[in-house]
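Next, two complexes with subunit A in common: one pairs it with subunit B, the other with subunit C.
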Partner chain A sequence: MTERGMSDQRWLHALGQELARHRFTPDVTHHVVAEAAAHLRDSGQPALRAFGTPEGYAAAVAESLASQRRQPRRPRGRVRLRASQITKRYGRRTVLKPTDLTVHAGEVAAVVGANGCGKSTFLRICAGLLSPDSGEVLVDGLLGYCPQEGGTYDFLLPEEHFVLVGAGRGFDRGRSRQLGRGGAATLHWDAAGDVQARHLSGGTRQKLNLVMATLGDPDVLLLDEPYQGFDRGTYLDFWQHVWRWRDEGRAIVVVTHLLNQLDQVDHVLDLTPGAREVAA
Partner chain B sequence: MRLLTVAEMALRELSRRRGVILLLLALPFVCYVVRHDQVGQSIRFVLLGLAWAVSTAALFAGGTSRQIEPRLRLSGYRSHHLYLGRLFAMWVLGLAVAAPFFALIAFDRGGQVRLGAVAAAMVLAVAVAAPFGLLIGAVVPRELEGTLILLVTISLQMMIDPADSITRLTPFWSSREIGTYAIDHTGTEYLVRGLTHGILATLLATVLVAVLSTIRLRTRPHLRYASR
Partner chain C sequence: MDQERRGQWLRGVLDVCVLALLARRESYGYELAQALDRAGLGQIQGGTLYPVLLRLQRTGLVAAHWRDGEAGPARKYYRLTPSGEEAVRRLSTDWRSFAGRVDALLMEEVTSP
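== the complex of A and B ==
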């Protein structure tokens, strides 16, 4: 094992101990540690940079879960997204067996599963960017989509991205910039600078991606692991935004492998082979 | 409005790639300088260099946008906003690259050639090259393969016997014909043939780009909107 790997392992062990101090059950502790490990593996970041100290992260997780449980929930609205009997094969490999997902206004669905199990494929099918082999998707309202990576122009400024997406939504330049800056500010990012997208850090670039997806207040938000590269604080803020968007009546589908939010979402679609489950 | 926004952003992005701009200018310039001792060859080569540079820029611009255009479609753009906006940007860029070479030829060879026809040949070279580059990018998504196809096309155009009738099937034949009219002071039939070929080649490439882009960016039939 590399020195870096050893360091992350020590950090994860310390996190487990800290979570136990916060009186999390062994199951929850295991889930949080597993999701942190998955995030570290996927992001390639050292644990300290990604999450801060184990003590701080455990405290933040505890606070986040406690505050979310206190939030009053509005009754769910009409169906905003209904994916029915979606299947997809690539050659001989079946990526998606018949899959259903229904999300109402004011609900959050998490799509989870191992790498390569078809999470992003399912989301792209829901967005209409990819054709399934069978099945259909019904969308009621405006659609916003945040890809896992890409989705921005290297040589354009963030504000130019806002203008570009805003023009598609029918906004003039001033309004587009205003909405983009506002969205960026909620993610603690000042998007008014003249830094081209290629010079943004991975996390900031994902913030740009996320702001572009939410510009114009879409009714249905499809988010494909949008928090890649986020630091701990921004990651927790992101989920706060998800709850806020939900409470505003949006339907949100988040592809995630970070499991500590699953007890807060309304639906969990597990695409791991043999575990096709939709649970409330 | 949407079309112009796409064009503007494409131009902004390209204009910040200073190295690319320099290379776009270097390619026709090298072609011109290498054959400078021969009036006809230098002008014919600068036209081919211009076509090569603009089609390559269009190829890469199309590749850059390939990942982003689906999300722009979801943001409210129609397919034609995206491919026409990009095409418009490539035409503007191509004319901007062509302008200094026209000035160079006017200064260097002004008394020896028909300058109006040289200008027409340059405009047609740019007109064909932009959709042709986008077309190659649409057919061959990988940029390396696309670049090699462009290289084969331009090489064929350079090396093929002008008397061979197959030359009319090459995309930039119009520039050669109008070039002959401009340089050798031939009859207007060369000009007419060149203009006709250039306009048809531009239209054909544009229509093919439109068809391929519309197919790629279509709303998939499995997705239905309940209220729109």
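== the complex of A and C ==
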């Protein structure tokens, strides 16, 4: 393949991912990509010149097809997570002023804010890993928590992690391995290898964390910037999984500093001092 | 001609031009781009043309189907629907009336003392 043919292939691949991000069905995505590919072959132009960036073209397509997006999802269900008037201090430093968050089944809440404003602290409190100084957290159902880092055991294999987490959720070894491998495959990762966690790359360790958090389909998912080290494709796939989990009726809280997903979430909890409002 | 203004003008009438070309016969994106170029409207990039086609398809003025090329790859062919044909008739009347007024105004401006 020529160098240009190669980069056009990459462009078309990126377009497919961008269209998926806009939540088009695979069918629509396929037709738009195939039509662009035919145009590139016919015109002999490089993709960037004919169509601009994949992001820009996908946005133009999205605008043209506004009414062909996926049907609105089901209405939200019952309350799965309710955090009320949570506060936390470390010594004399106030990390969290009274903070509330309610997430129903079938909703996604994004927790945003500057570094050090207490996002991870809030999530750890919701997960029950840390006690608040005041306030309470109610969780209805099985809970999965994915930390920002750590959370893996250096000398264990990925599958041994699955067995460990699966045991806590009532699955036998075989079922745990099966669920873990399945979850890993959706993140384009083959978890069957015999590589200890300490030898995995940072991005792959985060995939391991994410698979552990979601093993057995918890009702409440708490995800603390779980995509660190993911490549762009896996990052986009991650958000597709978030929307799918939501549509399946899970309650999801994602800590994120990336703003381009915020128009699609149900709640934004901004922990930046002075800016704390929950916008629906 | 000032390229930016030309682009602005074209954006306003590109869908009308595409409908007019499809009124002659069904066609696919790249062929339409070539026809627009030959008609003197300049090179229309795919990133501009296909969103217009998609919008026309969504609003029911054109229908599309995929057909294998004789030698090359499959292409998406567009043709007018009955409501597309009606739209072409209405739009060409509207355009002539609108352009005629602009013409008249410019003539007046140029010929008046």
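As a convention for this text, the second predicted complex is superposed on the first by the 209 of 280 C-alpha atoms of A that agree within 3 Å, B and C clash if a C-alpha of one lies under 4 Å from a C-alpha of the other, contacts with A are read in each partner's own complex, and residues count from 1 in each chain.
We take it that contacts are C-beta pairs under 8 Å (C-beta built on N, C-alpha and C of every residue); 3 or more make two chains touch, one makes a residue touch a chain.
No experiment lies behind these values; they were computed from the predicted model shown.
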First, second, both or neither for A:L156, with subunit B first and subunit C second: first
Which superposed partner A:G128 touches (first subunit B, second subunit C, both, neither): first
First, second, both or neither for A:E35, with subunit B first and subunit C second: second
Touched partner set for A:R169, first subunit B, second subunit C, both or neither: first
Subunit A residues touched - subunit C or subunit B, whichever exceeds: B
Subunit B versus subunit C as contact partner of A:G144, first or second or both or neither: first
Interface residues of subunit A shared between complexes with subunit B and subunit C: none
Subunit C partner contacts - residues on subunit A that touch it in the complex: 31-32, 34-43, 45, 49-52, 56-57, 60-61, 63-68
For the subunit A and subunit B complex, residues of the former touching the latter: 125, 127-132, 135-141, 143-145, 147, 150-156, 160, 163-165, 167-170, 196, 212-213, 215-216
Partner subunit A, residues of subunit C touching it in the complex: 28-30, 33, 45-47, 50-52, 54-55, 58, 66, 72-76
In the complex, subunit B residues that touch subunit A: 1-2, 5-6, 9, 12-14, 16-17, 64-65, 67-68, 70-72, 74-77, 81, 219-227
